[in-house]
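After this come two complexes, each holding chain A, first together with chain B and then together with chain C.
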Partner chain A sequence: MSSDTVASALPKTRIPSNAEVLRTQRRERISLALRYLILGSVGLLMLYPLFWLLGASFKSNQEIFTTIWFLPKDLTQLLDFSAYYNGWMTRTEFTFATYFLNSFLIVVPRVIVTLISCTLVAYSFARFEYPGRKFLFSIMIGTMLLPPIVLRVPQYLMFKELGMIDTYWPLILPSAFAVDTFFTFLVVQFLRGTPRDMEEAAIIDGCNALQLLWHIVVPLLKPALISVALFQFIWTMNDFIGPLIYISTVEKYPVSLALKMSMDVTGEVAWANIIAISIVALLPSLTVFFLAQRYFIEGATSSGIKG
Partner chain B sequence: MYESKRLGYLFVLPFILGILAFNLFPFAASFALSFTDYPLIGSPTYIGLENYEKMVFDDDLFWKSMTVTVSFALIVVPARLAVALFIAQVLNFKLRGINFFRAAYYLPTILGGSIAISVMWKFLFQQKGLVNIILDTVGIDPIPWLASERYAVWTIVALNTWQFGAAMVIFLAALQGVPKSLYEAAEIDGASFWQQFRNVTLPIITPVIFFNMIMQIVHCFQEFNAPYMITEGGPLYSTYFMAIYIYEEAFKYFNMGYASALSWVLFFLIVSIAGGLFWSSKYWVFYSGEKERAR
Partner chain C sequence: MASVNLEKIVKTYPNGFEAVHGVDLEVRDGEFMVFVGPSGCSKSTILRMIAGLESISGGELKIGNTIVNNLRAKERGIAMVFQNYALYPHMKVYDNMAFGLKLAGLPKNEIHERVTQAAKMLEMEHLLDRLPRQLSGGQAQRVAVGRCIVKRPEVFLFDEPLSNLDAKLRASMRVRLTELHRELRERGQPSTAIYVTHDQVEAMTMGERICVLKDGTIQQVDTPTTLYDRPVNAFVAGFIGSPEMNIRPATVVARDGGLGVEIGDTMLPLPTAFAEILRNRIGDKVQFGIRPEHIGTPRSIVAAGSQERAAVANCAFRLREHMGNEVYTYFELGGHDFAARIPTDFAGEIDAAERGQTIQLGFVMDKAHIFDTDTGLNLTLGALS
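Entry: the complex of A and B
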């Protein structure tokens, strides 16, 4: 239908009059102003709570619950970091230094094994031809829709059999087998969109499979792998239910569990302490996001669009 | 070399082992366990359909939890998608600072699952928290957000809507992919902005709407962190989502059999909704160049 109407409309196209140009320009300016108005107010709604949280870490209990403006009334309070100190020291025998170390003991190995396993598996899916490949690939897509909640009980029983309860193994081991299928999928899609010229040249030059993978494919995959590493870093930092199920000794708590514990024991002493430590807990993720937000957006976009 | 079947299998081997050990086996085991009574000590006893019978006829908490979860998803999924699409549409324009806005809107999604954000939310919705202070300045009486059976779930809804970023970046990319020529043609035909949106934009991005919908449904039915942290399932079970019920049955009361049965009912619900959507997609999802998409 559209092609018909377009064709019949074409001959009628003429040079627009001056008034029309002005009207279009005005309409565009109004549209632009309206867009900025919406974007600005929604942006405020999105970010103000975070600013408020930051300001509240310098406020007294009384001020937290009476003021809208995020900065404390007395700006010299901004120089008082005692809430950060108290929050960090906690009211338990461990400080947040322990909890951060624990978090990194989970996050760092998990990111590394995720990168290795995803690269290998994605390489196989995207480049090799063998019977059953399509079937395996469709299983991978299927498991992306499989809610982890159905698997929790048997996984727990399995790790219990293996004597891995209250260790970090249940949180790291699965990632070594590329079962975070979202990531594998992301890398497969990226590799499929990359030309094979360089690899073919390297094969002719006599590279073996591992050399090819390390010297040609991994450098090509760099942007996708950075996305994977960043997402895995933040998701693992934020992971709560995993440690909640598997970690029972306080000494082994990662930041997420420790924060929940602080919240439970704080009572009504000084809310600024728990708020301050929440900000500190967000810092690693915030830093990573601001340094590399391009990779997050690209990763999130490509996973969806090419699906 | 890429013809080498052996190398292909070698590289995919971790995945085959992993998917068997950590997904397919637990998946089957969970189904089997749902027909047993298994209090963690000792071995599972086969009890047939008893768990499912108990759930349907004898467990008010199951029905309560189901109602809470389903109504939550019914509100959050459309709300999130609508906000995400609206913002993406506003952003899809020759704008200065588009990257800043895109990052700012995506930030809550990235941080959203964190316990620290739940802590923040809890403070915002206190009786004397920021939200009520703001309401007070416009003359609305303070609302007992966290203490009332009626409002508690809305704090979780608000938190989830606040995290529309993931869906938004996907929508934005899709909008940017709509061929300009179509809009030009519509313009010449004299189509208004709203008509262009309805008749050009919407049909073209239906595959992405469909994708986002499926992902959000799978996600929302498993909501755990926020209700567990902010409202602790209460008050009066008004935020007692299925994920919390399953967690408590399994890891607080160690009723592994019953917890498995509950998780299978939730799984079945998600699958039937997703299946229904897939079935309906042939009526409303429009694929252009289906052949090219296959590879």
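Entry: the complex of A and C
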């Protein structure tokens, strides 16, 4: 009666011919190989510029502009890391260590204040009833559609009044007021998709609104908050126009500005140095991405709900 | 003392929709009360108002001797089990159970003692170190119950706690929960329980008293057997029991020596006790109700000793479902569909019947009910033995 006995009885009654099995297996193997080949070559094509960048950091100026193949002609050049050293030292009085430190002085506080402000604002939008909530939410969505450039001038004048030009405040402070509406929106949507039962259970357990936020909502939001932190990290790390407008002292330059500055030097530009340092500049973002990837994928499905 | 008293409880939503229309109910101390009704009957809303998750628009809610309308959930002395268990996914089972106690500021060793004691009671000591996602549905439900027990609440609230479990597990959890309730009560711990379900089987098996709700009003509050035998109206009669009671339109007619009901072209005689009540309703349209087990083959009627009270009628056979010990038989009488539950031992002629064939079935008429067509009220309540 049970399916076990049926399954074990089956091979006895009908043994497929050996040739048929082999043929099917071969067909499946070929189709698999074909799929991998196509996907692999497309993937390679998309990653080629990155490989080229990596190879170019070992080439001379002349070779960079004359060959499209990513490896240098003379493979022994791959052992020569002088471009990385020279790039790092820069031609200014500061090394890239300063610029990286500057970048982190902007990125880290900004990520932290973004997480706090986004969570608070999203929590209020997603979980509380108050007059004008829908109106406020639509205004927030509206600001998402504004091109950021229109705010540059008024923002600049405002920060100038506050005496914050040539400091990191203009780059960090706005995020403390949840102006990164995309992130707030992301968290609101995530929270709306999360069942309220757990919060209600916690209310009965005796949580007030803030305890609820800290003990229950924030842990539930973890995947969304990790995405927010990741994007904010990468975008801020790569931001060029913000620092360009507000930072004028070379000593305070973040990596993105310092890279541009290396190119501005008149006379012969050693491209290998710039390329080498731009690869180094990619590393923090890449590292953070790979570290966070696991949580990034782990969705809200791991909540307490199961049938 | 932890009775729960609802007096004229009203719920009106901001959009003006009145979901609960002045509900009066007393849940006695230590009682297991079940709220049952179809979806949308506001049974969960009432429970959530008792829990403090939903505001009370009007009326008075008392737990023990305290009016709790404006108290916060944690001050009401209640604990609740949710349909989705609502375990905190990032906390281990132990911490899930201890969370409320920690918030209440209980000393660590007391928390530990209570959690281990509850875990022992629910036979889940081996689960304390797991995360909710590592639990099966039944285990998660036990943890949710454990989380309530450790709080030693005055009142337990259950919001359809078994509806996410598969049928087999549901049946065994039903027994466990009932046993747990009796155990707490025997120990003298507060054990008043209010249990919401849409499943009448759960209501019948678990409830000491059942409150049947429809559209935000109470239809009947009584013990399971009384609800089953003496439903006050057609809604309760149809909702309680499976397969449900046959309730079909009929006409009260006079016949020599008494009254009868005419269903289509078939007349069934009514017992004399009914005749007295229905005497001035001759010619009225009514609803005739009879439970499937009160219809049988001539042999099964004789075996049940009801032959003197039964009326035999010719019916058109449609379909049978074998349930093992019983055969559910579907047939037509006077143009209306009926269902009967016939013990397999006496269902020989049913087994042989073909679709459309005429079979003789007996109706135990003193077990029937006559409902008013407009109000649905049970007219024959007074005549039932």
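The rule we apply is simple: the second predicted complex is superposed on the first by the 240 of 307 C-alpha atoms of A that agree within 3 Å, B and C clash if a C-alpha of one lies under 4 Å from a C-alpha of the other, contacts with A are read in each partner's own complex, and residues count from 1 in each chain.
What we mean here is this: a residue touches a chain if its C-beta (ideal position, glycine included) is under 8 Å from a C-beta of that chain, and two chains touch if they have at least 3 such contacts.
Worth saying up front: this structure is predicted, and the values here are computed from it rather than measured.
When the two complexes are overlaid on their common chain A, residue A:Arg26 makes contact with neither chain B nor chain C. Contacts of A:Arg91 after superposition on the shared chain: neither chain B nor chain C is touched. Once the two complexes are overlaid on the shared chain, A:Ile216 sits against chain C while remaining clear of chain B.
In the superposition on chain A, contact of A:Lys73 is made with neither chain B nor chain C. When the two structures are aligned on the shared chain, A:Ile203 is found in touch with chain B and with chain C. Counting residues of chain A touched by each partner, chain B versus chain C, the larger count belongs to B. In the superposed pair of complexes, A:Tyr130 makes contact with chain B only, with no contact to chain C. Residues 203, 304-305, 307 of chain A touch chain B in one complex and chain C in the other. For chain B in complex with chain A, the residues that touch the partner chain are 1-5, 7-12, 14-19, 21-23, 25-27, 29-30, 33, 87, 90-91, 93, 95, 101-108, 110-111, 113-117, 119-124, 126, 128-130, 133-134, 137, 162, 166, 169-170, 172-174, 177, 182, 185-186, 188-189, 208, 211-212, 214-215, 218, 221-222, 224-225, 228-229, 243, 246-247, 250-251, 256, 259-260, 263-264, 266-267, 270, 274, 295.
Interface of chain A with chain B (complex): residues 2, 5-6, 9-10, 13, 31-32, 35-36, 38-39, 42-43, 46-47, 49-50, 52-53, 56, 64-68, 117, 120-121, 123-125, 127-131, 133, 136, 139-140, 143, 145-158, 174, 176-179, 184, 192, 203, 209, 212, 234-235, 237-241, 244-245, 256, 259-260, 263, 271, 274-275, 278-279, 281-282, 285-286, 289, 293, 296-297, 300-301, 304-305, 307. Chain C contributes residues 51-53, 73-74, 78-80, 82-90, 99-100, 103-104, 132-133, 135-137, 140, 147, 151, 164-166 to its touches with chain A in the complex.
By the touch criterion given at the top, residues 195, 197-198, 200-207, 211, 215-216, 219-220, 222, 302-307 of chain A touch chain C in their complex.
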